[in-house]
Structures are given as C-alpha cells and as structure tokens.
Amino acid sequence: MTMTKLTIIMFSGALDKALAAFVLASGAAASGWDVTVFFTFWGINVVRAENKKALQRKDTMSSMFGAMMPKGADNLPLSNMHMLGLGTSMMKRRMKEKNVKSLHDMILDAKELDAKLLVCDMSMDIMGLQKEEFIDEVDDIVGVGTYLKEAKDAEVNLFI
Amino acid sequence: MTMTKLTIIMFSGALDKALAAFVLASGAAASGWDVTVFFTFWGINVVRAENKKALQRKDTMSSMFGAMMPKGADNLPLSNMHMLGLGTSMMKRRMKEKNVKSLHDMILDAKELDAKLLVCDMSMDIMGLQKEEFIDEVDDIVGVGTYLKEAKDAEVNLFI
Amino acid sequence: MTMTKLTIIMFSGALDKALAAFVLASGAAASGWDVTVFFTFWGINVVRAENKKALQRKDTMSSMFGAMMPKGADNLPLSNMHMLGLGTSMMKRRMKEKNVKSLHDMILDAKELDAKLLVCDMSMDIMGLQKEEFIDEVDDIVGVGTYLKEAKDAEVNLFI
C-alpha cells in the first residue's frame, strides 16, 4: 500500500508561515501521510539551533549572514504585523492561551510521526551555515534533485 | 465522471495575492472545476464582512487583533508597492479602467459557480474573530483535516 | 511516454523567490521534465528586458507603473533583508563566490532545456507593459485558462 504524500518547500523564515507549514505537516503526519519538508533560503533559519556553534571557522560574509538571520523556531519574526516584535509576542501569547502548540513542539510532533526534515545544500552554502548549526531533528542536507524526486510522487506539494 | 479539482490555501491577506487566488478560483470554476479556497492566518481577513458585528463580547487581545487587521476584500493592502495606500488605489483604479472585476465581484462569481469557501478554525480562534463576522458567502469553519482530505484528491493545490 | 511536468506561477518580483523558482525550473528541465513558468503580477518584472522600449505610447499610469517596477532579472530587490540594496548585493556576491549561477543565466539554462516562459495577459495589461518590453526568451502572452490546462496534467504545481 502506498501512503498519501505531502511535500512542503519551506522558503520563508517567518513565524506565521512556518506555523502554517507545520500545522499542515504535523496534521498530515498524524493522519498517516508521508511528509517531507525542504528548508531553503530564509526557511533554513526555522531549523537553526539556538545554541549550537559552527565547527569550522567562518569567513566574514558567513558571519554577517549568521548574525543577521534569526536563530531557530523561537526567534522568527512575523511576515506581517511584526511591529518591532510586538505582533510576534502577541501571536505567541495568543497561541498559548488558545492551547495551540508552539512551532518548536509542532516540529517535534511532526518528527515523531516520521516526517522528514531536509535542508537545501545550496542555501546553506550561500548563507554560510554549517550542518552542525541545525537542530538534531534535521535528517539530511540535500540538493534540488532530491526535492524533485519526492515531489513527483506526492499528492500535495506546497511552496510556503 | 469526476471533476478536475483545485484547492487554494489563502494564507495572505494582501490584495494582490487575493486577486491572484480569485482569478485562478473563478477561472477554474468557470471551466467546470471543483474549487475550494481555505482561508487561514491573514487570509481570513479577505472574507471578513465590512459591517458585521461579533455576537459575543471580545477579550482585549481579540479586540486589538480585530482593530489592526483589514476588514474584507475592499480594505486589503498590497503586499508590494503599498506606499501608504497609494499603490492600492492605483491598482484598483487601473483594474476598473481595464475592465477587470473587483476582488469582491470575483469572490461572488466563484461562489455562483459553486466554489467552496472555508475558514480555518484555529486561525479564527487565534485572531479572535467570530463566525458572524465573515461574509455570507463563507460555507463553513473547518480544521486542517478537511483541507488534507480535499487536497488529496485535487489535481492542483496552491498555497498563496 | 509522457514526461513528468512542473508548472510554476511566478507571482513575486523578488530576487530570492525568482532564484528559488529557477533553481527548481532549471533543475527539473535538466532532469528531463516538461517545465512551464507563468509570470503574473510582480513576477512579470522578472522577464522585463532591461533595454527594450515599448512600441506604443503609454498613458500616465502605465508610465508610472513602468518607472516604479524593477527592470528584469538583474534589478530585482530581495523579499527579505533587502536593506536598501545591501542585502541584494551581498546575496549576488555570495552566489558568485559559491559558483551559483546568476538568475539571468538560470533563465537561459531553463530555456535551452525547453522550459516554456509565459506571461499573464491581464497582469501585463494592468501594469501597462507591452509585449515588446519582455526578454526574447518569453514564449507567449496567455490567459488563466492556459495555466489551468497545463497545471491539470502536471505532477508538481507551485505558486511562488
């Protein structure tokens, strides 16, 4: 029996878009779907670890990118109504009040239900991140060919 | 005979993106496709009614979200070149000159051709909107499971 | 034998999103897929020629839109960390350092591998651009019906 399959390209590094992606990813995984999320461009910041360090020395531009980009699920801005962080903290408080899980917990949920988390090698290279800087839940660093192979067989493919 | 099917997740609350969604939705519906649009996050503002009131009293944060977010298809900002509203009014004037229908009329067209308009329950809850605040054209308030069921059988699934 | 097929709606006129689109488009075309990219709304600026002139005289609003919108692949802003152009030039320098092709070269690559580049007629009309203002690589100016027909038979459909 083949499973129904969902792939998501997580391009955005905004909290609201990452939440939308993981409501879908964890919902689909909970329904028994095969789920793969590809993190690319700003989206790779969604799976940056807050406290991990790069193993190799970074060149200046890598350090600059590293310093300017948000570090992981708890530090993402909103794409809209960010308002110097006020919108973001409103959104988070609101989610807690309404018993909606945090993005970080949704990512863990999806992983426990066997979702695959893949990081785009080209984006990692351009942004100057190293694989040791991602959360442990990331399964692999891959190229566009891997995405195409997965998406070809999926019923639902989204770019977020 | 099964119909060709389109689902759209309307995540954005920007006029230009909503226009793109409803050019596709009404175009597909006019070609005899089965069309479902899911409004989530900022996208739920696309189907907020301009003059309807909530039935239940709102807590402070719900009132704040309510006041900050745009009220319906005629009041959405552009995602780009918004320019304090100037871009938005240029775009609208231009559409009229070129005999392109307004977003509101495109939504009515899609509905008349049996498109389904569904609002995400979790987003409604987080933003503190109540179901009486949406336009009459909304068919139902649903969860992510409903989206997944619809998308699974659709030929075209878009996240906008 | 039918080919695997990818369609992309290029809605955004941001450099990073156009890069994501053409990494996918040229990657898929290189793997023997049938690829179609539809340029709509701000996305039509991705295929604006830098040095071509309109053949017919433009009304005021068309000239304004024309002046305000970026002219082609080499002049697009970033959607994020644009920082008055600093982010954009960092991104471009970085791509060169890492031997990633420029957007313009990726477009040429995709074309050489038979990708189709189609521009939305309605967007062209609203923005007041004329077909002589696009790069030679554009195959045709089409309506939403053409998109729907192509997307219906494609394994992967993305809105970027």
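Residue numbering begins at 1 within each chain, and the chains themselves are lettered A, B and C in the order written.
The criterion applied here is as follows: a contact is a pair of C-beta atoms (placed from the backbone, for glycine too) under 8 Å apart; a residue touches a chain by one contact, two chains touch by 3 or more.
Because the structure is predicted, anything quoted here is derived from the model rather than measured.
*Asks:* How big is the rotation relating chain A to chain B when the fit is done on Cα atoms? Please round to the nearest 5 degrees.
*Replies:* The superposition gives an angle of 120 degrees.
*Asks:* Is the contact between chain B and chain C built from the same residue numbers on each copy (over half shared) or from different ones (under half shared)?
*Replies:* Here the answer is different, because the shared fraction of interface numbers falls below one half.
*Asks:* Once you find the CA centre of chain B and the CA centre of chain C, what distance in Å lies between them?
*Replies:* From the centre of chain B to the centre of chain C is 25 Å.
*Asks:* Which residues belonging to chain B are in contact with no fewer than two other chains?
*Replies:* 157-159 - these are the residues of chain B that touch more than one other chain.
*Asks:* Quick check on the complex: what are the chain C residues that touch chain A?
*Replies:* 4, 6, 16-17, 19-20, 23-24, 27-28, 31, 33, 80-81, 90-91, 93-95, 97-98, 100, 155-160
*Asks:* Give the list of chain C residues in touch with chain B in this complex.
*Replies:* Interface residues on the chain C side: 9, 11, 13, 40-42, 61, 64-65, 68-69, 122, 125-126, 128, 144-145, 147-148, 151-154, 157-159.
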